Amino acid sequence: MIKVGIVGGTGYTGVELLRLLARHSGVKLQAVTSRKEAGMKVAEMYPSLRGWVDLAFSTPEEACLTECDVVFFATPNGIAMQQARELLNAGVKVIDLAADYRIKDLAEWSKWYGMQHASPELVEEAVYGLPEINRAAIKGARLIANPGCYPTAVQLGFLPLIEAGVIDTSSLIADCKSGVSGAGRKAELGALFSEAADNFKAYGVAGHRHLPEIRQGLARASGAPVGLTFVPHLTPLIRGIHATLYAKITKDVDLQALFEQRYQGEQFVDVLPAGSHPETRSVRGANICRIAVHRPQGGDTVVILSAIDNLVKGAAGQAVQNMNILFDLPEGTGLDVVPLLP
Amino acid sequence: MIKVGIVGGTGYTGVELLRLLARHSGVKLQAVTSRKEAGMKVAEMYPSLRGWVDLAFSTPEEACLTECDVVFFATPNGIAMQQARELLNAGVKVIDLAADYRIKDLAEWSKWYGMQHASPELVEEAVYGLPEINRAAIKGARLIANPGCYPTAVQLGFLPLIEAGVIDTSSLIADCKSGVSGAGRKAELGALFSEAADNFKAYGVAGHRHLPEIRQGLARASGAPVGLTFVPHLTPLIRGIHATLYAKITKDVDLQALFEQRYQGEQFVDVLPAGSHPETRSVRGANICRIAVHRPQGGDTVVILSAIDNLVKGAAGQAVQNMNILFDLPEGTGLDVVPLLP
Amino acid sequence: MIKVGIVGGTGYTGVELLRLLARHSGVKLQAVTSRKEAGMKVAEMYPSLRGWVDLAFSTPEEACLTECDVVFFATPNGIAMQQARELLNAGVKVIDLAADYRIKDLAEWSKWYGMQHASPELVEEAVYGLPEINRAAIKGARLIANPGCYPTAVQLGFLPLIEAGVIDTSSLIADCKSGVSGAGRKAELGALFSEAADNFKAYGVAGHRHLPEIRQGLARASGAPVGLTFVPHLTPLIRGIHATLYAKITKDVDLQALFEQRYQGEQFVDVLPAGSHPETRSVRGANICRIAVHRPQGGDTVVILSAIDNLVKGAAGQAVQNMNILFDLPEGTGLDVVPLLP
Amino acid sequence: MIKVGIVGGTGYTGVELLRLLARHSGVKLQAVTSRKEAGMKVAEMYPSLRGWVDLAFSTPEEACLTECDVVFFATPNGIAMQQARELLNAGVKVIDLAADYRIKDLAEWSKWYGMQHASPELVEEAVYGLPEINRAAIKGARLIANPGCYPTAVQLGFLPLIEAGVIDTSSLIADCKSGVSGAGRKAELGALFSEAADNFKAYGVAGHRHLPEIRQGLARASGAPVGLTFVPHLTPLIRGIHATLYAKITKDVDLQALFEQRYQGEQFVDVLPAGSHPETRSVRGANICRIAVHRPQGGDTVVILSAIDNLVKGAAGQAVQNMNILFDLPEGTGLDVVPLLP
């Protein structure tokens, strides 16, 4: 059994890790830390876990994380960069669900995250944990930078087109819509029910932290920088991201076939039949990205629709998928959850 | 493997059965019937089942239901009463998720459901499928009347008090709130998003079909008729029933202990610690009833809070639980779903 | 024109006052205070008011509230009790939307609100601003204690029955459901979209601050203490309170006629036809309480359904209604808003 | 007083017309027709109108529409084209809220709406009722084609850019999100609460009926055909449309100033300060389009955010605005509604 620790288990990615790991046949949950809630039973804070998780939150000191095989950081940005080194030195694998190790360009990272990096030497080593492009590297990694939610949905949608060289990468558009859980379990006014319910808005049009992450991933696939306009929106869902992607077609190929071939054999990317419209609820609670390809009126614009659950394929589910790869388990272990519909 | 058929798989209880049975290790799904959608892949109508259910809907004729071991009726009221006889004669077990076999008093049934019963001789034989009171009878049954959603939440809440004889059963109050999926997947104005969202209302105060079912169950437990005021409300949830139950205490006992003892060993009833308030989301997607007991200001009124997912413990999950009992499987087989929170 | 000041205009009752006063033909809005947001345009925080409110928030010092004719306190509990005295001395009328002056029994108040009262001598003078029982007293008052939202819905529902002496007042039940805006515009975890959406729960069953207020009002009507079980619930609405009230009938009268007569001539209480179920959306945005009377199956339990918008008839609308009475304006001035449906 | 008739008052645009006209100082509501509900009080179907609308639905025959000054068609597509002629002949002005007279190209109209036009000779005469581009023509019209909801939001967003000739009109993108009330008050599965709540999806990517309407309007402004990709999405709001518009900038101008100048003096278009993100709730219930202009990272892509209430500026409110223009009333008469926030 893999001994697992979770740092920061009180947020939404933390509880989602717990939901998935509670039924994972290959792990033993050793510790869930929360300095603030230390001593409280996890299931007292999250009654949904009654009968599934018997652990109490512990302080990082009590948690003996160095004795784990793998530690997940479900923490705010800036924590893992301070604590990963010690764990790695002790031979523990680290999967960071925050953004600390996602951006290779340190100056760019500092600009968007407003901090100096505390362990710059690990940034280069860290493997970007999007299995559909990085599976081999993940297998041998010590430190995984688990992708952001928007970046997962957008990259999986654009990659087949970019890799095949069939679109103009100088003016990509990603119009993305996120449920409110993407903002985390933080007491902020904008995330209140009375602010976010029955309401729709764009935000961060001038610049969002996921922009450099997406650009980096698409540039890597393209072999050259890309031009990307990324507009995130807040929509009154709890869970779900829907990315609507636009690009100009430069080469006339069978787009449906292109996507089906690219993701053949991928367990967690589902290319829908031509003409489909993926709904966020069709992925609710499950580690899957559903994608549909459109070319409206046969014009030269391709429209990709890409839907994930931001807390699963966009966070905790992808982290478990990465763990399974790291430890040579079948990639779907613990991820056999049927989406909850309705 | 138990060979399973589902009659009427296009509604919400049908798709919920499919969600649960798709991961059930002891069954083989033989057929899902829908006269209207025959030929269409189930996963085309419900993309959440892509990769989980490969079957297409079939006509009842194609389905060869008599070759199944068990058939679930996830149909409107009045269907199972016409078709159960033939299946029972062929040695098939039948679990009806509709109301055809719930009420023992035929006249009462006809009054509330507005039909003549088509197989009155089976009504007496049918076993009311609330395992927490009827487990032994279920084990030997051929025909199970799966309880209604409100009746499940209300009975599980009142039963310990009535069985212990500690409340006045002449003036019970059940103030119940249901999510909209309880109305089924039917194109009705009142269930439109624009009618039901951001709105709350009572309905059927003059009389609701679940009233006689609840009264029958409570009377059985009490050994005498009970007086019950039942007021259902529609609340803007997809899933969930919350019953708030009021009764006058006639005997001073430790209510918390009473509930804990009554449900000790029950896998699917969870008595919360004193002072708790069960949330519907804490049971979302799972086959569990969470209950809290209150005695406000130490007065003589007991307040019971009881929460279930109407589609799971209130319908399809309870039906699977009944099937497990019928076929001597561990009662929780296929029901190891962690509630989805948030 | 009545010169109006608002203390604490950044919360939901504050912005609701602004929405209503912006179209009120008899007032001039002098100042809206917020120490924290002083200098910021009100319409910058609330773009819905662009074109309607040109004022900026001011500090209390800048606001010169003593030059107003009336000042509304849309503040947390415990503010008005410190500031009302000075305004009253200056001849300014005060309407407190918080709870400072609602409870006559000072010890009871301290117990529930956890503070010593700062101006106990004003508590007795303050008039409880429920116009339907207190119109005459309001007319001559200096200081109005605007009722709470639950207390408004519950009292208007029970009063006709209690005044007529036709129910047993020893075991009243008020099962109440509130939208999330009732929690105010405060960054609290429980009011987050991801916590409150698609979820239903009871809270404060052991005791809620509105209990003593309701009991006081009903006792006044009854002439004797009443026994009341009050259970509030949180339901995923932005606005709206639905009270479902239960009482035992002790005298056989025409209940529908009783309610219609009691509220004849009341502009802001609407007794629906027999058999109706008021929806919260039918009062959304409007200063009205809609009530329906039921006697299920002709039994001895009366069920009253009472619906208000918690921010209007349950707060700001009622405050404007009180202001109109205070200044001898037609009671509906500025309150001619058609509910927003759908 | 203008004598007003409404054909088809049971849908959402019908009840919204009633909400607005109930408070309009210049009209007398003569008749609201509904063959199906004839005889029923309007306020019985819509209790929100109790006290505001005393009329009952009447049959078209009883309604004597030819005696009205103006008749609104709040009907499905294909009704007004059959009935407008008779009314025009009788000297009645007609405002069609459906699509019958919006598209000048009859073949195009037939292709998208699947019908032969019943009064093609009126199509040319009809004036497209978007006051911000057509005010003069509206003033003298007999027959108004009230714009669609998406077309209103998209055209108001693109027009200043197209009129000024500062963008490449060959590859415009309109990524639009609509609340569910846009689907009307029809019992359709896809509009059920349990289907649409907590869910987000695109639809009609291959082609939506509003596409030719938008293209026609933009081409008129441009003086040449435009290339437009239009992707509508369904988002779990009751009311609201948010259009996110993308275009390539071809000429370097002060975009903020361009928009402010274009809409200076327009009462119902509000250009927000630079850097803003209009929320749909900031226009909830009100006849206003709020627009923000962005140029992310100073690149060559302009992003316009445009928000309306689909039932008001996207339907009934704009129809009342058109009526006011037709009858030389101040354009805002009856439209002085403050948006409902929260």
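Residue numbering begins at 1 within each chain, and the chains themselves are lettered A, B, C and D in the order written.
Here, contacts are C-beta pairs under 8 Å (C-beta built on N, C-alpha and C of every residue); 3 or more make two chains touch, one makes a residue touch a chain.
Here the structure is a predicted model, which means the values were calculated and not measured.
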* Structure fact -> The pair out of B-D and A-B sharing more C-beta contacts is A-B
* **Gap in Å, rounded to a whole number, between the CA centres of chain C and chain B** => 39
* How many Å are there between the centre of chain B and the centre of chain D, using C-alpha atoms for each centre? -> 45
* Averaged over CA atoms, how far is the centre of chain A from the centre of chain B? Could you give it in whole Å? => 36
* Structure fact -> Multi-partner residues in chain C (2 or more other chains touched) are 12, 179, 181, 185, 194-195, 197-198, 236, 238-239, 278-279, 281, 284, 342
* Once you've mapped the touching chain pairs, tell me: line, ring, star, complete or other? => complete
* Structure fact -> chain C partner, complex, touching residues on chain A are 12, 179-181, 183, 185, 187-189, 191-198, 236, 238
* Asked: Of all residues in chain C, which touch chain D in the complex?
  -> 12, 15, 19, 22-23, 46-52, 181, 185, 197-198, 238-239, 270, 272, 276, 278-279, 281-286, 288, 290, 311, 336-342
* Footprint of chain A on chain D - complex, ascending -> 171, 173, 175, 177, 179, 194-195, 198-203, 205-207, 227, 229-231, 233, 235-240, 242, 244, 246, 248, 275, 277-281, 284, 294, 296-297, 299, 301, 303, 305, 307, 342
